[in-house]
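Both complexes below contain chain A, partnered by chain B and then by chain C.
What follows is the complex of A and B.
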């Protein structure tokens, strides 16, 4: 007897992806995760554009990781042009970056993942049955958005971030008010940890290679070297030795592999590689979730996101304290000296390592660009998980297998809409 | 009617105009482009323009605290490209119930449904929808949408001005009545 499970356009992920599982005579014959969204041509759109425009264009690759793309873009340009950032700029960049990590993680934990555990199709019925839970999520999201807006002047697209600095600065009063709200938010954060600790996470272990950025002095989100849980640290310029992109016929996105057949990026990889640098309160949260590195259950990527929510709230308070103490002064962005150059910018966006690599000509226009986004790096690993997972749950009804596969896909928090840029790359 | 109440009436109801879309995805950015056009016109002080590239589940937060909201977005309505329609709250509710309203992913429709479930829909909600020709990477609008945009913006503008005039008329009426009472 043969069974085929197909999920077209998996819901509660960003973008469009399909799951296909084929079972014949009680054995797994095939399983795939296909990315089907129309490719986006952002790399092609960057070519010929002025370097000052690049971060604004790339921040629109994704409505969720707008700050992440803008930051990676700016770091690539700044690396190319040899721009050094002031301490204030670095603090403000980190603060708005935390805002986006919080926003995205809260979205994923509450709006995309939680409905599976409450047995509902979306967050909308939860608004009636668990109103307080949904209101808490919205409250936390509002604070995250306001954090970004105070620093970058606008929600979602960080227009005030520019090469070498900012064009807008938060006031002392805004920072104080945000600090107060972040402190009050601890209650919601604790409730989030409690909620996550109470959920029956699927039991599934599969060790893989975990890759993230790492920094000597802090839990890395912006800049750093690549670190593999299998050993090895690589400077960002050598990213191609990590990603080894290749094409597969079933996907419009490029896949990656490093030491094994696949690797994982994202919150769980960061947690496993950089646990020691988490805020103590975040470590407490991890303990409540029963998480200590190395965690090899991919479903707990969501758990690692909860831990990072705690870390980012605490670190945001600490950053604001530093800013309040030193005072935020309007600064002119660092001036640049144009030349033929190239540079690599890296950061850890909510879904994992993001790489922008730019080539800039003497006229200040981009002559080439390469963007490697986290979801692409995870697809091979996700399929490897599916191949191991399906045989373990073959005795379950088809509907349960289907839901389990969907939950696994969602655990990776894939953002498929920005992962498909491959058709252009073939032309290169 | 007391004088205090009359004073309260003198402040017109604030209106939020929320333009939705991504301006590097062709006609997807029509809502934001419409907001940019409105920004060039002399607007009553109680009107706030806001661009929201992808509001999705955040929509209840965007709507919070506003009694009157006008949304502007690219909407697939099986109309010729560039055609635009004004949908009232009642029409939006019906479309939501039919599951017929499906736009950006995770979408304005989902955001509106969540707002409805949380009782956060404003008292007055209007959606100006414009039929897109093409939603694909590219920073420009299609010719059909570009051509219709001034008319769409003028439609929204007329509504804003009419509301402001109505509010002023009511204020005067109240003032006259309270004078009579006094």
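What follows is the complex of A and C.
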């Protein structure tokens, strides 16, 4: 007897992807995750645009990680033009970046993943049955968005960030009010950890290569070197040695592989590689979730996101304290000297390592661009998980297998509209 | 209408970043009562259910391939009201930047010798494929404006989208004009409704909400030139979100000659 499970346009993920599982005579014949999102061609469209426009254009790659794309874009341009950032700019960039990580993780944990555990199709029925949980999620999400808005005007798509600095600055009053709300939010954060610790996470282990950025002095989100859990640290400029992109006919997104057939990026990879640099309260949260590196259950990527929620709330409070102590002053963006140049910018966006690589001409216009998105890097790994997972649950009813596969896809928090403007770069 | 008297609404996404749908989700933070007055039957990004019976369809994203046209026509046939949600659906937005390069060259730049695997054509707004009843502009949409539009729809009224320029809102906010701060701005020709958010945060308006119905383009271009912009720079700022409109206008002018 053969069975075919097809999930057309997986719901509660960002963008369009299909799951296809074929089972024949009780054996797994085929399983695929197809990216069917329309191709978007951002790299090609960036050519000929002024370098100051690049972060505005690329933030439009993704509504969820708009700040991440804008930051990677600015870092690429700044690397190319040799722009140094002031301490204030670095602090403000980190603060708004934390706001986005929080916003995205809270959205994923509460609105995209949690409904599966409550046996409902969306967060909407939970607003009646688990009102407190939903109100908590909305409260936390609003705080994250307000954090971004105070620094850059809005989360999707940030306004005040520009090459070399900012065009607007939060007031001390705004920062103090946000600090107060972040402190009060600890209660909600603790409740989030408790909720995550109480959920019956599927039991599934598959070791893989975990790749993330790493920095000597902090849990890396902006800048850093690439680190592999299989060993090795690579400067950002050598990203192609990590990603090794290739195309497959079933996907408008490019795939990647490094030392093994696939690797994983995202919160779990960061957790596994940079655990020591987490805030102590985040480590406590990890202990409550029973997580200690190396965690090899991909479903616990969501658990690692919960740990990062704790870290980002605590670190945001610390950053605001620093800003308040040193004072926030209007600063003009660092001036640039135009020349023929290229540069690489890297960030750990909610879903993992993001790379922007630009070539800029002496007229200030981009002549080439390359962007590598976390979701692309995860697809091969997701399929490898599916291939190992399906045979373990073959005795279950088809509906259970289907739900399990959807939950596995969601655990990766794929951002598919991001993943399809993959590039081919003309090396000059 | 449903048996509970709430209108059924559905959300669809084509080529876009889904930031406008996220803004809809975010609007629930301040307006949770929205869920008490409408019934959402389809919203792939946020829910698993997929109802095909709806009165109002909100469409996010541009149409960028022929194979998506059938789905759009199906939505039009079902929905009593079709709303283009955000700049990609309303204007084709940044997706239309692709049109500034030869299409085949763009495909090969990204996908190399595998370009033929991936279907695409020039990005277009939704109303280039099916009739659209109205658009909620912006990249992304403005949360409060979205709520105001839903309220108007529930009352059977025309949504309150302004037809005056961003400058009006900037003046009401008592912002210092960017033209006096060594910057330029498309505020004088761009449709308001965003609260002049970009100039308020020190950045030029880039016309993500499209142009007002009778913009003084000649004067706008003169002003930009006076502030040091080359014809090339002017084309650049005019094409950020509105490549499709600028090209349509050029084609119309050429046809009229």
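The definition used in the following text is that the second predicted complex is superposed on the first by the 420 of 428 C-alpha atoms of A that agree within 3 Å, B and C clash if a C-alpha of one lies under 4 Å from a C-alpha of the other, contacts with A are read in each partner's own complex, and residues count from 1 in each chain.
Going forward, contacts are C-beta pairs under 8 Å (C-beta built on N, C-alpha and C of every residue); 3 or more make two chains touch, one makes a residue touch a chain.
Owing to the predicted nature of the structure, the values given are computational and were not obtained by experimental measurement.
Applying the stated clash criterion after superposition on chain A shows that chain B and chain C collide.
Of the two partner chains, chain C is the only one touched by A:115; chain B is not. In the superposed model, A:43 lies in contact with chain C only, and not with chain B. More residues of chain A are touched by C (comparison of chain B with chain C).
Looking at the shared chain after the overlay, A:77 reaches neither chain B nor chain C.
Legend: residue contacts after superposition of the two complexes on their common chain; A:138 is shown touching both chain B and chain C. In the superposed model, A:377 makes contact with neither chain B nor chain C. By the document's definition of touching, both partners, chain B and chain C, reach A:60. Touch criterion met: A:167 reaches chain C, while chain B stays clear of it. Shared-chain residue A:159: touches chain C; no touch with chain B.
Within chain A, the residues touching chain B in one complex and chain C in the other are 12, 14-16, 38, 40-41, 45, 57, 60, 63-64, 66, 107, 111, 122-124, 127, 138, 141-142, 145, 156-157, 417.
Considering their complex, residues 9, 11-16, 38-41, 43-45, 47-50, 53, 56-57, 60-64, 66, 107, 111-112, 115, 121-124, 127, 138-139, 141-142, 145, 152-154, 156-157, 159-160, 162, 166-168, 247, 249, 252, 417-418, 421-424, 426 of chain A touch chain C.
Touching chain B in their complex are the following residues of chain A: 12, 14-16, 38, 40-42, 45, 57, 60, 63-64, 66, 107, 111, 122-125, 127-128, 131, 134-135, 138, 141-142, 145, 155-157, 417. Chain B meets chain A in the complex at residues 22-25, 52-54, 56-58, 60-61, 64, 105-106, 110, 113-114, 117-118, 136-139. The touching residues of chain C, when paired with chain A in their complex, are 13-23, 25-26, 28-30, 32, 35, 40, 43-50, 64-65, 68, 93-95, 97-98, 100-101, 105-112, 114, 117-118, 120, 139-140, 197-198, 200-203, 206, 233, 236, 240.
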